[in-house]
Amino acid sequence: MFIHRHKVQFYETDLMGIVHHSNYLRFYEEARVAWAHQKGLIDYQKPGSASHFAVYETQVKHIKPTFFGDELEIEVQARSEGNRLIFQYRLRGRNGEVCSVCKTVHVPLGLDLKLLRLSAEIKTATESEQWTETWL
Amino acid sequence: MFIHRHKVQFYETDLMGIVHHSNYLRFYEEARVAWAHQKGLIDYQKPGSASHFAVYETQVKHIKPTFFGDELEIEVQARSEGNRLIFQYRLRGRNGEVCSVCKTVHVPLGLDLKLLRLSAEIKTATESEQWTETWL
Amino acid sequence: MFIHRHKVQFYETDLMGIVHHSNYLRFYEEARVAWAHQKGLIDYQKPGSASHFAVYETQVKHIKPTFFGDELEIEVQARSEGNRLIFQYRLRGRNGEVCSVCKTVHVPLGLDLKLLRLSAEIKTATESEQWTETWL
Amino acid sequence: MFIHRHKVQFYETDLMGIVHHSNYLRFYEEARVAWAHQKGLIDYQKPGSASHFAVYETQVKHIKPTFFGDELEIEVQARSEGNRLIFQYRLRGRNGEVCSVCKTVHVPLGLDLKLLRLSAEIKTATESEQWTETWL
């Protein structure tokens, strides 16, 4: 399974002393982009290729807080469904405990923000992916 | 109905030229905090009072993009359910069109991040609130 | 003098319980954009017009911390110098106390990130501006 | 010399297609924290230890833009001067080109945000550091 690592930064905390909840969507984006780049689906030299992963829906559950300096591990799974690309994520913090799970749904957009069809490359990439049990 | 306004800032955009999706959770937090402050449930002099609104779950749907300079209007509705506090939000952008809807679920935490019971003040505040149809 | 107001949000705080220093550059940008928009120099319908205010240098001094819920007031002054556009800012927090001062230097860029000449409109706009003593 | 690496994320870009200038202060903080942690001066289990590095002044120069996916390298140098701790940074982007330089000045604060004396540990740590030419 694809795993992305993120070290929690000071600027990601809030006055409760924990990571602010909005930053989890950034960590999940990091993990998704890393997955897509590794699959050859995002080209950093053509940043517009990221628009094929426009965010349609997000759902995040927070089970335990995470803290400054934590070394997070984010597991990623992907699948396509019609014209949609779906990811799920499981984020582990201290002692490997699951701190958050997430599901995001994406649609491909052109640079003009118009809806496109899901590319054959993306469909192929997700077909070879495992999607085990549902995490959220 | 409670409405919060937010003007989209340059630093909230991304390279697709639109507001980055993680910022919507920040706009929804702004709206929630403004609602709670108006109800007397958050005291800026006691920032720890915000921990009574710890985020347990978020769900956001993106219908249309929003842009630099847009004057967003965010409608807020709240209700309590057992020990949980639930909000829904409807975000309008240009021409009053609905661009995003959201639901967030909260649990009250103490400053030690331990679960508390939902306070009577919060329960009372939500009882007098309207919760019309479900937006998401 | 042009004054911009910003209410400190929960997501702008860090684990020290104060506003994270990186956010001041965002507040100063808000103030600069509001000034430029009021002068007719930034058109939200043409977001590329903001690239005429590309950031070349920033300098920020932090005198006192600011806190969740604070109603900040940011004074702005602008002047041009050759091909550069220079702003200074003074940020007041609780009880009107000066909490931070800042200076930023800008150069006009085209959408291709190439250097342009400072437009006549910007020069004219700054000529009518006051620049009293230096704050930083 | 201490070098910190940061991969530019999608959420760090703005509508000009480049990294938003406020994020550089975050990258420089990452580098400073990594330096301090390696020296034993910040303990992630005691996040309050970060308050010994409260930001008093920042100065950033932007020479070239950086982009989505760039692998940044940030060189860090530190020295103390009286009660102040001073860092300088040099950030390299594509092809190893210097894209930004920065200087930050820090003062030690207690958890009550009151000024402390610079600890002997910090003074010792900086004495063994090199500070070659001045970058900004």
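Which chain is which? They are A, B, C and D, in the order written, and residues in each are numbered from 1.
To be clear about the criterion, contacts are C-beta pairs under 8 Å (C-beta built on N, C-alpha and C of every residue); 3 or more make two chains touch, one makes a residue touch a chain.
Computed from a predicted model, the values in this text were never measured in an experiment.
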List the interface residue numbers of subunit B and of subunit C, divide the shared ones by all numbers used, and answer same when the ratio is over half, different when under half. same
Most distant chain from subunit C, judged by the mean position of its C-alpha atoms: A
Cα centroid separation between subunit B and subunit D, in whole Å? 33
Distance from subunit C to subunit B - Cα centre to Cα centre, in angstrom: 28
Distance between the centres, which are taken as Cα means, of subunit B and subunit A, whole angstrom: 22
Indicate the residues of subunit B shared as contacts by at least two other chains. 10-11, 13, 15, 17-18, 22, 26, 29, 47, 50, 68
Per the contact definition, I'd like the list of subunit D residues that touch subunit C in the complex. 15-16, 18, 21-23, 25-26, 29, 47, 50-51, 54-62, 65, 109, 111, 113
Write out the stretch or stretches of subunit C touching subunit B in their complex. 9-11, 13, 17, 26, 29-30, 33, 37, 44-45, 47, 50, 67-70
Given the complex, residues on subunit A that touch subunit C span 10-11, 13-15, 17-18, 20, 22, 68
